[in-house]
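Both of the next two complexes hold chain A, though its partner changes from chain B to chain C.
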Partner chain A sequence: MLKTLKVMAAGLALSLLTAMSAHAAASCGDGSGKAAEGEPIVIGAITGKTGPDDFSNSTKAAKAYFDCLNANGGIKGRPIKYVVEDDQWNPETAAQLGAKIVNDEKAVLMVGNSSYVECGANAEFYKKSGIYVIAGVGVPRECFFAENYAPTNAGPRVSMLGAMGYALDKLNAKSVACIGPNIPNVGTWSCEGVALLAKEKGFKADVILMDPGSADATSVILQAAASKPDVIVLGMSKGVAVPLLTAAEEQGLNQTITFLSAASAYDLSVPATIGSGWDGKFFVNMEFNDLEADTPDNKNWLAVMDEYGQESDPRDTFAQAGYLAARIAEKALMTLDPNNITRETASAAVRQVKDFKSDIFCAPWYFGDGQPRHNANSTTRMAVSEGGKWKVVSDCAPSPDPELKDIRAFEATMK
Partner chain B sequence: MNANLSTISFREPAMAAKTARRSPLARLATIALVMAVFAAVVALGANAFWLSAATSAVALSLSVIGLAVLYGQLGLVSLCQFALVGVGGWVTLRIGHAFHPPFEVSMLAGGIVAALVGLVFGIPALRLRGLYLALVTLMLAGAFQTIISAWGFPDGGPGFLGRADGAGRAMLARPGLAEGPIAYFLYVCLIATIGFIIVQWHKYAKPGRAWALIRKGETVALSSGVNVLTYKAWAFALSGFFAGIAGALLAGNVGQLDGRAFSAFESLNLFALTIVGGSFHWYGALIAGLLLRAVPALLTDLGIDGYVTIGIFGVALFHALATAPAGIAGQISGLVGRLAKLTGGKRA
Partner chain C sequence: MNLLPFLISGLGIGAVYALSGVGLVILYRSTGVLNFAFGAIGALGAHVAWQLLQWKQPLALAILAAVLVATAVSFLYGRIFAPMLSHRDTVVRAVGTVAPALFLIALMGVIWGELPRRLQFPTDQMFLALFGVRLTYTRLIALVLAILMVVAITLLLNRTRLGLDMRALANDRDLSAILGVRILHTETAAWVITGIFAGLAGLLLADLVRLQGTFLTFLVIPAIAAAILGQLRSLTITAIAGLSVGVAEAVLTPIAWISPYRAAAPFVIALAAVMILGSTSRAALRDR
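The block that comes next holds the complex of A and B.
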């Protein structure tokens, strides 16, 4: 009884705390508090909501920001009409929806996209239609190798190599086993990067690809541990990473091998779920700032989510990505004459975006006009599981992905 | 299932009598006419979203007409038809990326290989019927699901599997004379019309009569001098061929295919909707194709969760099995027949 009371008191205190922290007012648009009433500007997005995993957190956050923007003057008086479609993880549906948003809805821009299949299915079509995409979460390789498509996140490969770089520099790793999903252009692409870096720097790397839908966690972990690597790097979503870690702990491997993961396992619930056995033993890469960071833009993101999002919308790294995509779109559109916002002018404005600063990013975001591909977010942080929480352990460091040579070369010309 | 088959065969003589009133040539011409009107209406009226959905729907209706041969003509339940669509799509992409031939060549290759695989899948059918055949084919669909999720579909990479992991994926080019969305839709309609006519012709010709006899009972067929083995094998090959062509047309629509879209469940869904659409009339296939692709598209358009379609299809299947074993097409046919009788009565 006493225990229940204690838990209830703690819960009350917690909810009071969150209610108080929500008081920081969301800031968007001109901050006038006057609703935009002009002719709407159509912005589209495609997201993978129904399917193996719900990937719509990015568009939820972008929608919250656009709602906030519309309530605060919009784009110089014109509100945003945000059309979000669910591709159901099916390229055929993604293509249908791409045609719908671009040709039927006549969107001027796409913002906050996050899907496993959409980049592959639609990148060519977007290029042909002259529409630009400021995506939230790009996952497969196609999202980072398209002319009209620029995600705000770093991507699974850059993030995984960010973790790998940390293992080499700070954990003195000499050998690694990489575990990735056998999804086209996701797992192989990420682990290939680790293998490539291993070749360049002369350390040992094993690659294990698994079917995330039907895998036996223990056998995968034993297979990875068979070569006795110093570290194991995971490229799985948190739903798959947690069972892998549990299986590893059952085998006592958390005592001998350090585990790292790409940002896909960076979720506030993970450290408490895996328990104290992993304190200081499980590192994760972060594509963005600490979810609970006390910095102005991160606080504004949380305030926007509280005021304009649903209570059930997750406050996770994907939501940060969507929020940033919406803010970048706002910045681009604000440079235009509100009476002349067309696909052409909006595209030109997006191409010109550079030096977009937010404390959620490690480095300023830019589009990269004229570049054949875009990966502006390639500088990441690391955190470690400790006492049921993530503890940020590193400053922003550039990902050592060898494939980023062209990106680094372009960034050098910008300075 | 068997109970159903018997109800269906009771209805059959009436239908046969109705069809006999018009010459086969006129019936085949009707198919072309109806398809032309359908294609024109969609091409002129649909926006980009619906045009894309309709293209997939018509492509899939070809795989349904193949399944309708097996179920409607022979009473065989095959639950691996969507896997054969995948086989056709895989071969089309493989050939297309390896040799860059005209689309028609890759498509025919896809059709032929799917026909051969369909034939192999059909071997158990030479001995099995009913539930047992359904189980075996469902397992084959499951096997295909496992293989395709490991292999994926070719996308311009090297080697036998043709996977371009880490090197940028290529798209399969559409046929030269149908690159735009409307042109490709009309192209798919044309191929589907040819497919429908071929199947309809089979029903009027010798194979149709042989299949009818086989369905009555293999002993009956044998004693009437029908080569049961050949005609059953031919039905499986024909069914697989159209599934393969459907896969090729789907691959051409988007330029690529995804392994996750070819689960065993899709084969079950395809079979269920074949029954709902109606497996005794050619336009039942078109209806089933539209159900498979247009209903989810409609729900997406209305902003309803994609999972709801599964429930709707379940209800539709229950309705079909309970009240309309000849499917929606059967109900339309009945209605047309009644109307014709009414107008005929007035004239007299």
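The block that comes next holds the complex of A and C.
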């Protein structure tokens, strides 16, 4: 009798445990829990891991998803072999690694790429080689103006103009100063977008380009504030945005001017770092859903990271981008006959991707077959710093970037 | 364009460049070592202060700990590693200090990461309003501290036995040894003094600029520019030069065509200084 009770208790404990872990189970592939054992499909990626900043969170998340997929049937029984290379923020290295992945590894597709230098170095080569890239995070202009390259993120310019649009519509801004890094095709490109929109809509815009390595944030802020703008929009990385905000607070400008930023300053640590002086005064654009959003796909992303990623892999917006890129690749490859997955068939499948829905995106993602450039993610949200946290304050809104006219026109034909 | 606000904004950082420059010169004069690890040592101290403040320790303790840690690291390098290179060329001795700099960057990266943090003092909230700009008390403290330290070091050099030994070493190392100057003792004292400078400068820069290991490490460069302008000898000229480098960088801000490149100001100034003062600096090096 006692023995039976013990067994029952153990059984109860066991079933409780399974029930508790089941609610966070990662869902990938066919969900069969059967490992894929066929011939691997080679997918490549280039990421900027070592260098001025670590951009590899995107490929880490993509790898976690592919591992999850491989453990759940893979692509109709074939596992993904995911080859990730670090370009060290060096265009020459990026070109060598691109050739290695495309020519030597014979990758059929590239997924989750996130690099500052790779687009400029390799876009032409990818086009010539007939390989397609579903990138994670694109930063410079080249990533959004290439035929074979489609990032899942919105990019610094679209994101900055998303913030600008919010300032115009919700904060009634009539004048702006745009602070961007003096990096061609990044800062200049972003702030030019603000200037162009200002011309179209008839508001006042100043453009200030700064060296991100400059020690003197106060002078930049004084220069931006000199024209007494209603809002200041930042296009700097969080490493530079924080000192700029600190300098602005020191000058008491947080009381008179509202600050906004492109998604580059969206990091969970920022609100606590800048402190309570910025509560309700610093807005940031988000390329993806809230990192802590309680929505099904966002929760699945976190579950995939927990089960298949490393504990140390950051759960940030780059990781969301990599996860989405991997899921889009899965969707494309699943349409194919598993015995006939080549670069040609995979490319054709990627070109056909449309209406990819995830609650991490604002709008369904599509590749845009036949388009000379790709920027499917151009609808963004805004959050504000509040009590040491980001508080989402807006619904999804399309970025008012005038340069998106071709993209909007194409989207209209899809409907 | 009104340049006055920018002049005010440049004063704070300029004062810290001055402080750092003087810290470099005092070490170079006594030991012949140009300390590239100066910024990294200061950054380590600042990180320690930040950590203590995170742990809700009093501000005074945090500041004290920052200066103590910086001084201790400087002392350890000066006592253990620097003497091993003491008979090598000036260049070798200078390059030797890159090793602790790189080590400290890595150490700070491992412990605190590269995300910038905010080190704040209560004096950030207090300010004088001048020409429409707020000159915070932290910047005023930086200015006063720079002046005080120059005066203190000048007195030390001119009025004390240690100062006499240091000056003797600066003139002729071998001759001083024969005359009974305790070389190791004097050099170690110089490393301790430069460590105190590094600790104070690191704290101020972490507050005024940003608390980020790699970034603070490389802020040694404007200080080296100032030290070169002072020909690695004159404390007063170094201090004035440091102040000028900071102000020059700030005042260039509103000049649109040069503004995006103004971060290069310290390098350009240092380059010009080397070209103009080159011959005299070489003479100074030969002295050693």
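We take it that the second predicted complex is superposed on the first by the 391 of 415 C-alpha atoms of A that agree within 3 Å, B and C clash if a C-alpha of one lies under 4 Å from a C-alpha of the other, contacts with A are read in each partner's own complex, and residues count from 1 in each chain.
One rule holds in what follows: a contact is a pair of C-beta atoms (placed from the backbone, for glycine too) under 8 Å apart; a residue touches a chain by one contact, two chains touch by 3 or more.
This is a predicted model, so every value here is computed, not measured.
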Open item on the list: Let me test your reading of the model: by the given contact rule, A:F145 touches which partner, first (chain B), second (chain C), both or neither?
Closed with: first
- [ ] May I ask you to decide whether A:S129 touches chain B, chain C, both, or neither, giving the answer as first, second, both or neither?
- [x] neither
Open item on the list: Per the contact definition in the header, classify A:S27: touching chain B only (first), chain C only (second), both, or neither.
Closed with: neither
Open item on the list: Quick check on the superposed pair: does A:G239 touch chain B, chain C, both, or neither? Answer first, second, both or neither.
Closed with: second
Open item on the list: Looking at A:D211, would you say it contacts chain B, chain C, both, or neither? Reply first, second, both or neither.
Closed with: both
Task: Partner chain(s) touched by A:S347 [first = chain B, second = chain C, both, neither] - done: neither
Open item on the list: Contacts for A:W189 in the overlay, against chain B (first) and chain C (second): which applies, first, second, both or neither?
Closed with: first
Open item on the list: Output check: A:A95 vs chain B and chain C. Expected answer is one of first, second, both, neither. What do you get?
Closed with: first
Task: Interface residues of chain A shared between complexes with chain B and chain C - done: 182, 211, 213
TODO: Using the touch rule from the top, collect the residues of chain C that touch chain A in their complex.
DONE: 5-6, 9-10, 12-13, 114-118, 120, 124, 127, 133-134, 136, 205, 209-210, 212, 215, 218-219, 222, 246, 249-250, 253-254, 259-264
Open item on the list: Taking the touch rule as given, give the residues of chain B at its contact with chain A in the complex, in rising order.
Closed with: 47-49, 51-53, 56, 149-150, 152, 155, 163-166, 168-169, 171, 181, 250, 253-261, 296-297, 300-301, 305-307
TODO: Could you please specify the touching residues of chain A with respect to chain B in the complex?
DONE: 49-52, 85-86, 88-93, 95-97, 99-100, 102-104, 117, 120-121, 124, 141-142, 145, 182, 184-185, 188-189, 192, 211, 213
TODO: Note which residues of chain A are touching chain C in the complex, please.
DONE: 53, 182, 208-211, 213-220, 222-223, 226, 238-239, 242-243, 246, 250-252, 267, 269, 273-275
